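One structure is given here, and the rest of the page talks about it.
First chain written, first letter: the chains are A, B, C and D, and each begins at residue 1.
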Amino acid sequence: MGVMRIGHINVRVLDMDAAVHHYENVLGLLRADQDEDGNIYLRGWDEWDKYSVILTPSDRAGMVHIAYKVESDADLDTLRQRIADYGVEVDELEPGALRDCGRSLRFHLPSGHLMYLYAEKTFVGKAVASTNPDPWPDGLKGAGVHWLDHALLMCELDPEKGVNKVAEATRFMEEVLDFKLTEQVLAGPDGDVQVATWLARSSTPHDIAFVGGPRMGLHHFAFFLDEWSDVLKSADVMAKNTVKIDVGPTRHGITRGATIYFFDPSGNRNETFCGLGYLAQPDMPVITWTEDQIGRGIFYHTGELNEAFTTVYTDGV
Amino acid sequence: MGVMRIGHINVRVLDMDAAVHHYENVLGLLRADQDEDGNIYLRGWDEWDKYSVILTPSDRAGMVHIAYKVESDADLDTLRQRIADYGVEVDELEPGALRDCGRSLRFHLPSGHLMYLYAEKTFVGKAVASTNPDPWPDGLKGAGVHWLDHALLMCELDPEKGVNKVAEATRFMEEVLDFKLTEQVLAGPDGDVQVATWLARSSTPHDIAFVGGPRMGLHHFAFFLDEWSDVLKSADVMAKNTVKIDVGPTRHGITRGATIYFFDPSGNRNETFCGLGYLAQPDMPVITWTEDQIGRGIFYHTGELNEAFTTVYTDGV
Amino acid sequence: MGVMRIGHINVRVLDMDAAVHHYENVLGLLRADQDEDGNIYLRGWDEWDKYSVILTPSDRAGMVHIAYKVESDADLDTLRQRIADYGVEVDELEPGALRDCGRSLRFHLPSGHLMYLYAEKTFVGKAVASTNPDPWPDGLKGAGVHWLDHALLMCELDPEKGVNKVAEATRFMEEVLDFKLTEQVLAGPDGDVQVATWLARSSTPHDIAFVGGPRMGLHHFAFFLDEWSDVLKSADVMAKNTVKIDVGPTRHGITRGATIYFFDPSGNRNETFCGLGYLAQPDMPVITWTEDQIGRGIFYHTGELNEAFTTVYTDGV
Amino acid sequence: MGVMRIGHINVRVLDMDAAVHHYENVLGLLRADQDEDGNIYLRGWDEWDKYSVILTPSDRAGMVHIAYKVESDADLDTLRQRIADYGVEVDELEPGALRDCGRSLRFHLPSGHLMYLYAEKTFVGKAVASTNPDPWPDGLKGAGVHWLDHALLMCELDPEKGVNKVAEATRFMEEVLDFKLTEQVLAGPDGDVQVATWLARSSTPHDIAFVGGPRMGLHHFAFFLDEWSDVLKSADVMAKNTVKIDVGPTRHGITRGATIYFFDPSGNRNETFCGLGYLAQPDMPVITWTEDQIGRGIFYHTGELNEAFTTVYTDGV
């Protein structure tokens, strides 16, 4: 009941050919569709719905919208009411407004990011079929990512002006969409400013995350790999394709994720990370990182926060 | 809302010293408690509730009961009603009837296995703490398993007599406890006999499983490891301790799990497996294995079903 | 100076199309050449000489010959003399007698196996080039094995009749070809019968091995993989291609190798194993396995010797 | 015949207690001995000679000497003559001059580094014994490194002044000690200045390496681990012990090694890397890296040369 997982992300790219090469041959997504406006739709081989990434041609990078899938159509009615009751303007769109999807809800998170909820998307099935499947399909390209796993959204944070969109977005996700807060960074003189949060609806450490910064934006969106050896392979693949690696291979203290970050040709940051990390559950105590350990929380091995990692990101609208 | 995960399993052991050595030093569980009846309580380092395994001294091996944790105390009322409405006798026990637990529901699955549901158990926290945690604790012993992950229960199956407790138990889990069927083996002349099932409440491929056999029993209970290198280490640890390895390292077709099976000193079968496998979701199509591919489904590499694997198991009551 | 490594193995196959498919698409060898007699030549992507496997069409499986490469042409003169002095008949063949090779020595090991030594083979270079190479090439197929690493030859052993070709072949390799004995199994009532040996010229645990059996033959020839995750991938690839897996994934006590064994379509046994294991050095003490621990030595995890593993093998002549 | 491998390295440390904690509990070396001058001797669990690291108390960090083990005592006579014939002053020291070693040769490399050769060192055996050994011992601490594998020595390089100690040291190792050049970086306007080299006597990619810099020194000494999962564990161990990680986990283009670098408490750089990489052989073509690809050669993933990595190092005398 309620939100199940991230359904797709819609990002802008500057050079569609370069972008398609990157997502298809380097990350290993499968091409699903394209529309009359030049948008390209892709999915991971382990996903069963038609697409999880929409690339939109543009003159600037960044996120157009992010969409989450809910369990049943009726959930949309319930959630529409809860969103409105929370004081957030919400529109209901007819089927097809999101290509290949049923009716959807459209609203802005308190952080300003545009979010959709939908209950139905055209089913195509995993690349390994549903009867006597192999554990992985033949013909995988590049890093061979399994699925779009989560996104990290940058939220305006200026404690001196009393602005903390991280906390606002987090509260919305918890109270309205029933996300579970799994980890948070608390900073400030009294250690009570929520400057970064990770939240889950599935049993994984995060289905969405928010981090504070000077302006709202898209920090990264992430794809799942099985294990650490796949992260090495992914890093090798990036090097072979001269994809700019931002960080890694390394491990996060937060979520325990082993990972690399890199940029698509338009400058949108991607992540390929591996493993479950831990079983996120409603009764698991929230994990809190204190300001003095942020470095270790983000980059567990060096314990040093790469400045660019928190300041370089693409637009959120 | 509803069932979250396996809470604990209570198994009988013949030699308590040997059993404790096995679960503590070989599997790497942490000793949590012992009671006046000689029961020993243990948990994995990545669990936050006090225990997940209860060892009960006995003159025969097998399972006493299995317990699942529900999200809220109110869920117990709802589920008590649903269980009773389904025609299954259910008792409500007062807090403490299950040591360190709040009130609980007790009933038998259609397969005859004794199950409890509870909403509260004494919280002790993970071995890595909740503030600025390391990804793993120092001082781990043996295989260093993270948590009790699931159990596979053997159910009486005799299609000629019209007995299929696999199907009955599965239907109960789906209809009453809202488990999601993730995978199944269909056999028989018409390919419609559900001879084995895997079901989940979390986003992992299984929180419980049922397989048909000549009598009800306990096939195995399983512990989580991060990845394939941990499975090799676990197998090495078993060899160093001359623990009898039943199967593996290998991969299952079903759940994609990479794994080893082995026996505790009393003959109860344990599993240490690794990885998420895939993200189980309510809308994921059920994966079906046909009778001719059972071998590949169970042991993906050889494709051959080890006879002992399906016929050797301990008691279920 | 002297022998460097295994140069190639020449095996017989029953169905050349099936064999080529197996070695090229499943193991991932690169096709190098074919000759007028229908022999097919292949090599691993990480080898720089033209070929390391010769497939010869035949009506029975097994080994035709095995060849080792020596460091310099002058070594052939020295070794020819030493072989002859040892009492073994040796022929010198002119360049080209072994396709694409310089002059060669031909002789039979005391076990009866036909061996060649040569100093030159046509150089083609690794698939990753010698200038600014990537760590692995694009377009690898199947298991993507690096190189032919070693072979295990079965030698006639009948202690009651005083026949021990293992010991004879071993002594020849040590005394004439300067191989280092790294590991051995000693059996028999007095624990002094050398029933299996592993020997090296490189710094790896074995470049050749001998095991006793009822008749001489070819037990297996093995290909190198980087690490344990590659062994899982290799096993998955065998399963996808319904290649018959004999054993594994598992670890040997002997050499510490993590491995799988399987059969080519003709019944010749292949191995893909991973890792260095340990650094074999002339001054490393010989590792000895006693008869009661043979099981653990061969299959470290189960400690049980699969009967077929030691009795099923193809011809050695 | 000739040099077999690195035998030990003698480094200076500022705080012996901190150093011993680092090498014993964090790297996981075994304490072997200490002498009247306060030197501490350690070895890896997979080594059979008594020690491979000597820690010498001092007020500055850096290397005192490096020692290689030769195969036989007679090799010392041969090599003494060859060294002298090359024009390098060489002393023969009596047994015990190097603690627990037989007679030794002492000389300076053309780069100025002090090197010893010896043929005998007190044998103690691997931690896993020589009869029926386990693949790894119980009770390993920290990263659990197997053995001291190689060292990288910084050599004075000033092409404008015609100073290239890299080339001089390399030529000496090749011509006098019969090392095989496996990889090199060629730079300069004509691409003919040998600014870095890797050389081997064993079948591994390097037993010693030289890199040019403003002054001679010790860049790092490295320990062997099995595979990539061990590198992650090593990095985790460093983080848990707040050891300063310099670089990694990452992969080198050169040698293909997957690795982390970090500093001991005195500032000496250590490496833990994994895997064989490739089989180094006398007939393998030398791998050459061109100046424009140095970044990729050193840090394959990012392709960017961390300035500190080549400029920060400890003394070589």
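We adopt the following convention: a residue touches a chain if its C-beta (ideal position, glycine included) is under 8 Å from a C-beta of that chain, and two chains touch if they have at least 3 such contacts.
Since this is a predicted model, take the numbers as computed values, not measurements.
The chains that touch both subunit C and subunit D are A, B. More inter-chain C-beta contacts link the pair A-B than the other of A-C and A-B. Note on B-D: its contact pairs, compared by residue number with those of A-D, C-D or A-C, agree for more than half at A-C.
Annotation: 43 Å between the Cα-based centres of subunit B and subunit C. Averaged Cα coordinates give subunit A a centre that lies 49 Å from the centre of subunit C.
In terms of their C-alpha centroids, the spacing between subunit A and subunit B amounts to 32 Å. Counting partner chains per residue, subunit A shows two or more touched chains at residues 134-135, 227-229, 236, 239, 251, 296, 300.
Viewed as a contact network, the protein chains are fully connected, with every chain touching every other. Of all the residues in subunit D, the ones that touch subunit A in their complex are 228-229, 232, 235-236, 238-239, 242, 245, 248-251, 258, 260, 296, 300-303. In the complex of the two chains, the subunit C residues touching subunit D come out as 1, 4-5, 46, 48-49, 69, 71, 123, 125, 130-135, 146-147, 202-204, 224, 226-229, 251, 253, 256, 274-276, 278-279, 281-290, 293, 296-297, 300. In the complex of the two chains, the subunit C residues touching subunit A come out as 134-136, 138, 227, 229-230, 236, 239-240.
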